[in-house]
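Next up: the structures, one after another.
Heads up, the next two complexes both have chain A, just with different partners, chain B and then chain C.
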Partner chain A sequence: MASIELIDIKKTFGTVVAVDNLSLEIKDSEFVALLGPSGCGKSTTMNMIAGIESPTSGEIRFDGRDISNLPANKRGIGFVFQNYAIFTHLSVRENLAFALRVRATPQRDIDKRVADIAELMRLTNKLDWPSSRLSVNEMQKLAIGRSAIAKPAIFLLDEPLSNVDAAFRAFMRTELKHLQHTLNQTMVYVTHDQIEAMSLADRIAVIDKGVLQQFGTPEQVYNTPANKFVANFMGSPSMNLIEATVNGEGSLLSLHFGAAGAIPVAPTSILCSHLQACRTRNILFGVRPEDIALSAPDDPRPGLVMQASFVEPIGPRTTIHFGGSVPALKVITQKRFVTELGEAHKLLMPEDKCHLFDPASGKAIRAEVAHVDA
Partner chain B sequence: MKLSTLLRHGAIWLAVFVALFPIAWMASMAFKPPLEWTAAAGNITWLPKAPTLANFEYIFFGTSDAYPSSTVMEKTALRPIFASLLVSTIATMIATVVGSLAAYGYSRHGYGKSLPLALVQLRMFPPLAVIIPIMIMWAYLALIDTWWGLSLIYGIVTLPFAFWLMLTFLEEVPIELEEAALIEGASPSRIFYRITLPLVKPALATTALFVFILNWSDYILALMLTRSKWITIPVFMNDLNSAQTGQLYGAKAALGLIAIVPPLILGVLIQKHLVRGLTFGALKQ
Partner chain C sequence: MSSGHAAKTPGKLSESLGERKSRRIGWLLTGPAQALLLFIVVFPTIVTVYVSLTLWTPLDGQPWTQAYRWFAWFDNYVEIFHDAKLFSALGRTLFMVAIAVALEFALGFGLALLFVDRFRFRPIYYTLILMPMMVVPAVAGYMFLMLFQSTGPINQIISAVSGQTFDPTWLANERLAVSAVITAEVWQWTPMVFLILLAGLMSVPEDQVKAARLLGANELQILRRISIPRIKVVIAIALGIRLIEGLKLFDIMYIMTRGGPGVATETLSLYIYKRTYGDLEWAYVSALGLTIVLAMSLVALCLLELAKRRGRQRPAGV
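Moving on, here comes the complex of A and B:
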């Protein structure tokens, strides 16, 4: 099996910097997702691991060995393309056998392994079909099977589920996880879908504009985002981020949200320690929509009283938008929550679920104690 | 029927008539005896009144009972037909193979950055503009009136066309297919022969057909670069006249009819490739 190390990888196309000094260490048999918006450099990073692109500077190591100059056909990896890249002039069988034929495998072994992988991918009854006649879902399975047949130690998947329908996507998520457990490979998975990344990956590398924003377990990335970008990108709907001013001294602090009001901060809370770590009075205050609790406007507990401006019921939960343009907050209620437009509610924000960001750098502000907890 | 529909249909039928009439006229002419060739005898003959194979007999044997004795010729159409077939085939192979490889190298590896422009420049002036220098060069190289000399110039003249056509087709082949094959461990030559080439087979056939037709119908290069041994069908056709009788229209028409056959056969053979998409469904776009 294999570990992957990217050391200060940089890739430029002309004057455009696609990947900027990216360093990642992917452990053996780990499932890592590269997550980011379109054009953030995640696919370029993947292509450099595969050897389709070579880095402008930096080093790539497999198992500690520098393979930066090794051509793609000598790296022994599996790669599933976003658009599958099925060899349509060949049959399903020949597509699967391609990697084995390249390696001059005896025909008997080819037959056996093609049968095995077809079984695993549920393509057995279509082996002799022209591959051009497969459905999109089957092409996806064929693409995965074709890459998996040579038992590569490293398996790269570039947005493999972005073209398939929703039901099949959910099914394939489970299948992929299962496949990785069966084959025990190191998997790198590129996606722009944070749900896919959260549900599949052991660790997620969040990338934006070619720069690594955070690398950690799904829990770390979700619960303790390193900066504003990660906070905003993870979660759907995304985290509420509103401007706030810190008032008071020492441990007697309060947060002011302009027209929406102010919240006093309990002196012993984590939020208070975070606030004490702030160097500025103006901060970005973040709280996830599902962490806000709704209560009656006359609830004595500290919170913001705001009016509902828009309600989106989506089955098991309801998203309610509060306030006008600034500040505006989204709240997710677990049950179907009945409210009138314009009705006032008190928004309660648990102090241990609040996030603070530096408005200039976007970096998360956290007291040291929180780091230890994370 | 509305007036606009009527006008449109009228225009289409006119176009069809303009395109097909000369061919029909030629086919009819090929079977007419000399007297019916022109209206000199008094009236126009649309269909041969006394159908005859004399014209074919004449071009293949150099003489026919239906022709005046002054028209007997030593050479026959056999040699020019053979010359045309040989030269066009070799030139088509040169242009298609070289053009395809150049287009592949350019589109996949960026070899020869100025190649497309340089090649299109070759087509910017008519061959006539350079025919005299080429004649002199060919004379120096002893290539005049040889099959290889004519094949070479045809290959060169049609190369840009083959290059551009293949470039268009090759750029339709998704690069991911080659990348996928590369990652599976295939060598560059294996990728070319096992993945790319099979995918562009229809394109190769199409290119070869067009290039063949270009070579097959050339007149000016063959006229300037051949003397007697390797004259081609178009040049030979021009020779079909005599001082006494003028143009031998029937013989020319018979030769023209024969000249249609090879491109027609080629076209029929590759027809199923001509209409098919190259890599239909290879990628989900």
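Moving on, here comes the complex of A and C:
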């Protein structure tokens, strides 16, 4: 129904650069999450798509048409605010009907569509309530329904689930996914919650300090982070990032982790080709806590022998911290893994699950060019 | 009284003692204020009621305490309803107030809409717009008295712009005098309406305006469906205050026209003033004053009730 293109969008507030030369191409009926920490410029980007704010420079296109100068009320966008912005002086029914009333829709059509959307949002029995009496969860549904009623081709959601309780958030995640399939709209979803982004989005745009860090599917962003920031931001607990030095020549390489020891790198592994692409000897070595396997200290396979320093049991899994200060590694064990504090284990790191980053620029070092759009 | 109840809990002895003591302290503390109130509100009201029931005037050579000698029950109140001059003064006042308040509202609301958004030098313009309100009404009267002289700046400007000699004597012409007086009134009191309405408009949540805009509403629709419904009570208050204040219109007219030419700009207040100091009919004026206070209280009560009901009203369904 509608694709969105952001071309070199820049937004400055005085001397502060909120969004810096951001380019993004969102396909028709795609669900894209703009993910980043607070103040990274994701909401500003959203506001520029909606027309609430205009970019300092750059161009925004819907379906290839430049709409940079089109006012917000002409863009035909559904927008759900973080705090819902329910018209509390109106009834639930009138809130839902608002978008149709301002378009001078005949009363008969309004009645029908309000009834339909109320059914979809499960608000039918509350239609004649003053909207101020709704619960937070119902306001959330009303806000979505109110925007959906005009059948916008593009739907923007600004952290819509940050105010609702945990149980309802999980419920709404499935509802939203379902809704997107029903309405078949292009959806842009702003969030700082990577789990929300991972579970909902077709593609995730990770933004930090106004700059797009990576744009790709949840798998791409998670498995092949483009840089240190993305690697660190995605995943909970976050990726282990430790300093290492590369020793050796040609295909006979090894990684040294200071006091923790060294690991020889198999000459045929992908890690070896990554390392060969390195131009520096000092690198930042990354591995996800769930990718590390634990073994007995006398296991002959290459790995680091470290002592458990802290154990965090979280329901079905346990996070074990290894090493004192530098280097420190987190490991997630899937089963309830029993270990004593101070007990030594061998940490095995599968070579295809290791990530390398340039310590200066933070960029990922890879032999072949992976899916990096940034 | 509430402190008396509170004192009952500790014990029987302190109970009666504490209650009596705290009551006495209460009387002592509020005594001066009560005496003052008695002196400045209750006493004059009683005197006014008393005098209004007689036909006494200071010309009789007797003090007001002797007014009972001319006791006449409700004759004065009956006379009010036969006072043709009074009703034409009331009619003129209502006419002028209606036009003035309508203009003040239109201008004030328009300005308030402009000032909701930020712009360069906004605080400076804001201060300038509020200035007229700070001017003493009598001074405003003098200003406009001078502005509307036949050789005054207003005529000079109109002459300069039109290129023809324009020198009507504004304040001596019945129609022009009314418009001159209304102009002064509007100049002075638009800022107040502006201030109240701006406060109202600023209280409309910004995200609701944004939400309405994103739902496709244009500025006019946002105003009609979001802003105005949300500040109904504020609008009622602004109009109510100006209406009641307008009915008391005095200073500007007194300075500019003294109610003239003829009685063209004679308002209710000016009429009462003339009956008081020209005719010295103090008994009649007392009755008239009390009646007006009563009538205005009723109007204010109705407005407040209306505002309250509007505020509480459940939104109308489809």
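As a convention for this text, the second predicted complex is superposed on the first by the 368 of 374 C-alpha atoms of A that agree within 3 Å, B and C clash if a C-alpha of one lies under 4 Å from a C-alpha of the other, contacts with A are read in each partner's own complex, and residues count from 1 in each chain.
Assume contacts are C-beta pairs under 8 Å (C-beta built on N, C-alpha and C of every residue); 3 or more make two chains touch, one makes a residue touch a chain.
Every value quoted in this text rests on a predicted model; they were computed, and no experiment measured them.
Because the two structures share chain A, they can be overlaid on it, and in that overlay chain B clashes with chain C. Residue contacts after overlaying the shared chain place A:Glu175 against neither chain B nor chain C.
Legend: residue contacts after superposition of the two complexes on their common chain; A:Phe98 is shown touching both chain B and chain C.
Using the contact criterion defined above for the overlaid structures, shared-chain residue A:Val136 touches chain B, although it does not reach chain C.
In the superposition on chain A, A:Asp202 makes contact with neither chain B nor chain C. Of the two partner chains placed by the overlay, neither chain B nor chain C lies in contact with A:Asp20. In the superposition on chain A, no contact is made by A:Asp28 with either chain B or chain C.
Using the contact criterion defined above for the overlaid structures, shared-chain residue A:Asp116 touches neither chain B nor chain C, since it reaches no partner. In the overlay built on the shared chain, the residue A:Asn163 is in contact with chain B alone; chain C does not reach it. Of the two partner chains, neither chain B nor chain C is touched by A:Glu351.
The superposed model puts chain B in the path of chain C at one of 9-17, 81-89, 153-161 or 243-251, which is 243-251. Common to the chain B and chain C interfaces on chain A are residues 50-52, 71-79, 81, 83, 85, 87, 89, 98-99, 102-103, 146-147, 150.
If you check the complex, the residues on chain B that touch chain A are 174, 176-177, 179-187, 190, 195, 198-199, 279-285. Taken in their complex, chain C has these residues touching chain A: 205, 207-208, 210-218, 221, 225-226, 229-230, 314-318.
Of all residues in chain A, those touching chain C in their complex are 50-52, 71-79, 81, 83, 85, 87, 89-91, 93-94, 97-99, 101-103, 107, 110-111, 114, 128, 130, 146-147, 150.
Taken together, the chain A residues at the contact with chain B in this complex read 50-52, 71-79, 81, 83-89, 98-99, 102-103, 132, 136, 139, 146-147, 150, 163.
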